[in-house]
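The following block contains the structure, expressed as structure tokens.
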């Protein structure tokens, strides 16, 4: 089957799905004022990768088996336009295939169904949402002890053809503009919680699925004030399952509580790894943004500003290093599927979050009040005002339009609705800092660290080998 | 003359003023979709302080002469509703009166005009904008060396009755919903720049004044999603002067370059001091907000969360201490007008900005993804969705509505358009961190610090007095 | 009885006490190479306060009953020389008297004995050690469940005249150069641990008391290399009790487990409050030190250095504010004894510790490598080397000797044995940062904070009072 | 010529060198109380690498031509014992050879002499000091404008055989226990400063060379209290040149002011790169140390402690990543000599320094007061005290001796004389943080960063290519 064009994709969304936004049910996503931009971006992504070649497929469906294939996949992806719906598709399928070998030890059918499902999505060029976080209710209580059993998605009935699931999942990106929901348990389950140990896939338009969307899409008609979020945005929100049928061939885990967390760990790794290949480049871009702001404001030669830029350069360079290390130290599953090094991936994620506030501080400090006070394009183009504003925004090396756009860009991405969403999501997606600490510790070889420490001090089994610690201890 | 009611205030805005927003000229501010909330809030402020008593006046016009009057002014202000327009009025007039004694030494008329102007505003119950920051053009060039002489407001003509001014000022809050513009030079001027050393006042509707507004007012029709910015917001932006006439009695400085910075310093102090009396209380409120989030999410007993809250408690307590110290160490001008201690005011401002990012980090970490994913009130009230969402948002001690509202509040104030504006403005109003460092250094008694250091080391004039430094040096 | 002179004090130490240092028993503290400086400093303290007037006494024994007396005590103490032995005496007695009213409710004799003991120490001009931290053994086990019952000091026998105590206490400052040991339980005790709920006092030379000393006193014969620690130092270490008899009149708590922590809390407050009256001044001194280093190295005009100094100025000013607030907000016990505000005391302690690393970083960065490479006074005075070194150390405004001494001072206090001790002790005395967090939380009015937050959001009991939250929320 | 044994090395130091320490001239370094440990360690290094094979040589003399040789050199070095004298030898020679190609363009003889000198040192198994930092005098004045011309080492005379140099250099490690002094200009020189543009080598015992040593070697006779600095230490200090003759074949730069900084940059890179191959391992060791402290104190399961360890793990992992990236991105000079990536090297150096204070904070917080209060081995072994102390220091999994030693180790390396030296030197060696910022900026491709930023915003040459910025901007 050939790939879809953007137009075919838009058509494909008219499948009876049930989506709500701002209190209303959406009947035509491609034309809804708060969803149309997201749909258009996804359509452009389809067009950018489209090939009429019958064997062609989007590189997001590649499951790399070697470091070369890993890098090749990234290179191919970077040639087209991308968006959240393409990203979640890749992450969902890589999470499934990374877990396939382990799940196959429980039931060979799980493994087979995963690979068949990847083939299905690739061949039909379908987009998949990651559907994992349960709404949870009281966080300190187990799933089966909640006041309402539906706080966690769980099996409520079954027959020979499949199971029926009910419950609520939250923080689901792009679901209402995608085709498939890839559903996984949110965490480890214990004996007695078999019904909650369910991983599977259903189409977005499956009977009983409702989606409630939130969006940072600007509600201003003149989107020129939002250079990024006015052009690229994406809804996210709740997905509610009410007795939704899942056929057997889409069930990837069913009751094996001991392995309920396998997919969560796998998905977590790939979520944290999103943007990995681009970590250094994305950080460099923000350094460059700060440098452009400094030039536009005429303070690029100020020693204090240079110091701030240098701080960011160090940060960006450390991001690049960790990104490279995660790739170089990638590992393989028993099926031969490549995974970036979980240790470097989670260290990078933690590091980026810790420094993001610093990045914003510096960008804002260099930008100054103009960041939030720069006039709209509408005012700028008003004939009564244009000459005066154009003069005010002139700067050597920048047209007034460019300088204005630079302020709009930084406000949009750091100090407006999208900026707030991006900051919070950047901190919390794939788990907040505390989750990263736990994950990092799980990956770290603490026994080795303690052993080299014990050798340096000359204690424990090194207590008698006096010469061991003669190697001078260089300050870290 | 009696005080104005809210209705009279709204009527007073129909005075022929020239205001632009989003590219259009505004003809009726009280009914413009992006300005009406700001006007309504200002009207409520009028109503909350209104008294028909002929001698009554708003406490913002009090110029305190003692610590008791200082505190009394704050207490009276806290009894009514407040908003940006009331705040800038007090700051503008206190900045003028704090500088009055000094300006009076240049020309006794300046001093007299200032006090007469304060009487005028008080008697007519007028609101005043702080109009100081010039649009500046190339920041490294002097005002009179710019490619366009109008980057800084300056005198372009004069006659026996007054002067004519031209130029652009930026970052002006509330101007289009106030009555008066209090204009000051943005910084120190040098000989040859006499035309730029102009401080004065003109009404907002003076011929030749145009205002270009920006606003973080939500553009969503359903403002329930914005519990704060949907109810309280305020425009800010550019004010352009095109040959505006200023009568002599409203001129407070005219050509005395050596004192051009006097008003900027005075205004800077009062801007930084805004919220001083409330510093501890406002910080406590944010601590309480984090604590409510922790309870609503069921993690209040988590040791890690308790540690984070304790960090915030220390921060809030240090804010309270600095606020108290600024008041206790207040000083008086030669005219007897009270000013809070500039040293403690600027240390507090700097400290708050340094920790604000930490506050947000902690609030976001405790809030979790729900911060940006909590559904709108519209979705919450949709009958198809209500029961499921209400169940998802239930938490011991909180109604689902309250928990939802808590997320909306923190998103609105920290991770949406208003939050972005507030963060940037909080950092940069009254000067960014670098400006605070300069101001703080100017206020600090470094000679004393060096002397006690030299005594501790036993050097300089203490070199021979061996016993001086026997006092043990406790670690700081 | 008259006050002691320094000579009488030295004589008083020959009382049969049992002290160890570096593996040897000390027979003559005033002449032991590692203790003599500490003894000499304590003797100078005696001389500096000495008065032959029969009613005269050291101000450390004043138990203030009002803010004026509190400040008067500090003023009197600052007129003489001070040292660790004088400081611990004041803290020990203030800790007892602050707890006296509460302990008196258990047994009126406890209260009476405390005041009698304060009289006794004051009249005899005795120095008292704070003896509180038990050696603890396994930290997660209760005192009475340890492998060795003597990890905590406890009552092992009793008769009609008193009790016998056994166990080990650690981190005891100055014990071997003082007269009295004031012993308190290290933490709360539970029923069944009555033997561990013992507070009392015994003389240092009581039968069964052994002291093991550590010291940062320089072991170099030429103490000119250590401008501070070569002149002022003090031992600290373990105190071991082996069946030591405590007469009834020196028992302040005996078995009342519910109040075992009362004295620990009281002592903790006074320990954290040590240096409170001096908090701003001590911080200013370190700012001045950094400024002197900048001048001596010719970089005082460097914008980067000025920024660093300004950072320190803010820090010092916040310390001053918190010190003032702790005094202004002081409270009284039921007996009328003044205590500084525990909330501000612990916030200040936490704040200082958090910033101390920053202070050192900046001092070291300004000082440069000379900090650890400046030659000794011996090399400087060597005729072969003097001219060359004097030339190398010349700087405008500083003699070479002064510049050298400045480097030695900062190395001694921040980057040598004393500096390391001071840094660690500054962090950990009175409890580390985690303990401060717990203490601060205990003192903070979180209910008030949550209430003003709830009012701002308009939830809980404020949910229906829509107008409550119209007060605009100023960014913190 | 064969390699030297430790005994031969000791003998080789009896060459008439002129060294001072603590004001006295040293006549016999191997037996001087403050130098003998350093000499003994250097001797052990010789023994550990010794081979009688005539072609054998120490791997520090390897000048790698490929990444494999680079790693091979590190692997070989890690098989033996190392010390400061071996490290400075490698750094000095790598700095020379990295600059050789460039210097060869000025004068082919410079290049040839450098390689001949490396051969000479390798064949004779000589240790070389890095001699670069001039004493500088007034830092804001040029070398030839100083009050004393000898603040910078410079050529004072010359003949056909060579030149004569005079001046003072400071912060020279290990000079008095090495054989050769490798002398380089401290910074860029300008026309007119030709005499200061001198790079060369002379033996330590050259006529006119004097060394003034400082040391953190413990002055306590019982070095068991100093598990590291008691066994491994090294002097450092001033080297004074008084008309010292340099033969032509040891001159590597002579008057070419435009290239005076070439060697400083090269040396700076290699100094910062010291420990590069070991960056991850050294950081892991300190993580392990913190983990051992947590276990020894019974708090390893405390969630707060686990969080702190996880912070350190992230830090160590980022160090490992940057170390790997510096190697993987290594470059080659025109001569084919490998150099680690300067960008990653300086980012790593900066990052390590920024986090070092955090590392110490955490280690100290976990260690607690015992860090500075743990008794000496002497007290521990005193029969009167042993049983009590052994009981106090018992902990599951640790002998009392091991736990004691762990505290001693951490105190010695972080909170005593050596710790202070190591902290300051770690911050400042190879330039402080400001120098790192400058170096990092010089290596960073800011044009690329600005270009990708401009493309994202759609400004400058990307202004018209509207589609360019459709790629969504992922939060960094």
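Should a chain be cited, it is by its letter among A, B, C and D, assigned in written order, with residues numbered from 1 in that chain.
Rule of thumb we're sticking to: a contact is a pair of C-beta atoms (placed from the backbone, for glycine too) under 8 Å apart; a residue touches a chain by one contact, two chains touch by 3 or more.
Quick caveat, the model's predicted, so the values are computed rather than measured.
*Asks:* Counting C-beta pairs in contact, does C-D beat B-D or the other way around?
*Replies:* C-D
*Asks:* Most remote chain relative to chain B, going by C-alpha centroids?
*Replies:* D
*Asks:* Between chain B and chain D, tell me the centre distance in angstrom, where each centre is the average of that chain's C-alpha atoms.
*Replies:* 51
*Asks:* Could you put a whole-Å number on the gap between the CA centroids of chain B and chain C?
*Replies:* Taking the average C-alpha coordinate of chain B and of chain C, the gap between them is 42 Å.
*Asks:* Give, as an integer number of Å, the spacing between the C-alpha centres of chain D and chain C.
*Replies:* A distance of 38 Å separates the two centres.
*Asks:* For chain A, write out the residues touching at least two other chains, lowest number first.
*Replies:* As it turns out, chain A has residues touching two or more other chains at 304, 307, 423, 425, 434.
*Asks:* Could you please specify the touching residues of chain A with respect to chain C in the complex?
*Replies:* Contact set of chain A toward chain C: 303-304, 307.
*Asks:* Which residues, counting only chain C, touch chain B once they are in their complex?
*Replies:* 41, 44, 81-84, 227-228, 231-232, 274-275, 278, 281-289, 291-292, 306-307, 309-311, 313-314, 316-322, 324-326, 328, 343-344, 346-348, 350-352, 356, 359, 398-399, 401-402, 405-406, 409, 413, 422-423, 425-426, 434, 436-438, 440-441, 444-446, 448-454, 456-460, 463, 469-476
*Asks:* Could you pull out which chain A residues touch chain B in their complex?
*Replies:* For chain A paired with chain B, touching residues are 20-25, 133, 135, 137-140, 147-148, 150-151, 168, 170-171, 210, 212, 214, 216, 218-220, 222, 236-238, 240, 297-299, 304, 357-358, 360-361, 364-365, 368-379, 381-382, 384-385, 388-389, 391-392, 394-396, 411, 414-417, 419-421, 423-425, 427-429, 432-434.
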